[in-house]
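Dropping a structure here in structure tokens format, bear with me for questions.
Chain lettering (A, B and C) follows the sequence in which the chains are written, and residue indices restart at 1 in each chain.
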Amino acid sequence: MARVQRDLTLRLEVEELYTEYAHALDNLELEQWPEFFTDECLYQIVSRENLERGMPLALMRCESKAMLADRVVTIRQTQMFAPRATRHLVSSMRIAPSSGADGLDVQANYAVLETLVDEETRILSAGRYIDKLVREGDVLKFKSRTCVYDSVLVPNSIIYPL
Amino acid sequence: MARVQRDLTLRLEVEELYTEYAHALDNLELEQWPEFFTDECLYQIVSRENLERGMPLALMRCESKAMLADRVVTIRQTQMFAPRATRHLVSSMRIAPSSGADGLDVQANYAVLETLVDEETRILSAGRYIDKLVREGDVLKFKSRTCVYDSVLVPNSIIYPL
Amino acid sequence: MARVQRDLTLRLEVEELYTEYAHALDNLELEQWPEFFTDECLYQIVSRENLERGMPLALMRCESKAMLADRVVTIRQTQMFAPRATRHLVSSMRIAPSSGADGLDVQANYAVLETLVDEETRILSAGRYIDKLVREGDVLKFKSRTCVYDSVLVPNSIIYPL
């Protein structure tokens, strides 16, 4: 019983991290985004094809919380893109049973919908999160988050993180 | 332990309300829809833009369970729209920690897909539910449900509630 | 308390089955797919319209695990379709309260997104899973899975199971 209780509590914690991450981005609270990561971290958006071929090319790649913060500044200063709303849908979350001392391995399916002014809502990106979570103090944070998108087309309109 | 248990039980209850709401609409059991609300209630569909500007314009607005029931009758009597199926996807549910005596504050992301006869499935609306839940007898009900949709375009084809 | 604990544990088990099923298909581990079913089983993809009219016509129908395995071989040997990635989103899972001795009745909404090379991600199919789950040894398996899709259009591009 105690084990089940621990599993449930952990699962809720992971879901809460994912949920808060999605809401922060969908609310355009970009300055909150780096706070979901540890100081040393990896955030990258890669295509499924490149990941499978072991190719390092990434659409976005940040290797520390400081780089994430820089990225936010860059987005805030860029005026060359049309206003848009994003909406994250996350499903099929899976915590690897081997997750242990060095962190939790978690995967989930995602779809990010995007709505531009005067346009219909469309699918910006669908794919999989491949994450490593660690505990920092009392809270879970991303040690790494890899967003593996299904399309081979480079979606050059990806402005915000996924 | 007891607190975690209470949290989990409450979370399941909220999820069940959301799930039954989605199934009732997707099954076109419209007559069930008002039953998810308290007698005095608010149901509205507003654009993100209007909500942010504090403008009261809503695509749909009902201020009591009786008005919800009226709305259902109106939909049932309207023959001027093509048959369609809807499909709700709900994700990233968040129960506010401050939720207490006057009810629960819950938010979630939603996407409603729509399929018309002889057409492909498309995204009818994506956005956020902003809800206030209260207990009526043994069951949780919506004291208010605000559907904030991301598009600025008025989707004039919204026939059914979201 | 013990009852709530049992309910939660069961719910997690069902969610895990759904999650592993989705990941196996999205990872194109097709050979794993039959393993989610009991030896005698039913897997079918039917339109909402046919289901409501009680018409037996199905887009895909397999009546045993052996038939599921045959289906996988057929897909693997078919070279006449373009490479594609699928992405399952599952939401609003509902375990029927009457579920008992003869198995669990579970329903959920699904959307399967599809991405072809050089194309944008689109909605391949949206609809409802109507499932019967039974325990085989220690694990839950599908005794039957019926995928009821919303579109009336026959999506002739459905290659993989949903």
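The rule is simple: a contact is a pair of C-beta atoms (placed from the backbone, for glycine too) under 8 Å apart; a residue touches a chain by one contact, two chains touch by 3 or more.
These figures come from a predicted structure and were not determined experimentally.
S.K.: Same or different for subunit A and subunit C, when you check if over half of the residue numbers at their contact belong to both copies?
M.R.: Both copies touch with mostly different residues.
S.K.: Rounded to the nearest 5 degrees, what angle rotates subunit A onto subunit B on CA?
M.R.: 120
S.K.: List the centre-to-centre spacing of subunit A and subunit C in whole Å, with centres computed as mean CA coordinates.
M.R.: Taking the average C-alpha coordinate of subunit A and of subunit C, the gap between them is 27 Å.
S.K.: Hey, what residues on subunit B touch two or more of the other chains?
M.R.: In subunit B, the residues touching two or more other chains are 5, 8, 89, 91, 122-123.
S.K.: Provide the residue numbers of subunit B that touch subunit C in the complex, in ascending order.
M.R.: Touching subunit C: residues 5, 8-9, 12, 16, 18-20, 22-23, 26, 85, 87-91, 113, 115, 117-123 of subunit B.
S.K.: Would you tell me which residues of subunit A are touching subunit C in their complex?
M.R.: So the residues of subunit A touching subunit C come out as 1, 4-5, 7-8, 11, 48, 89, 91-94, 107, 109, 111, 122-123, 125-128, 150-153.
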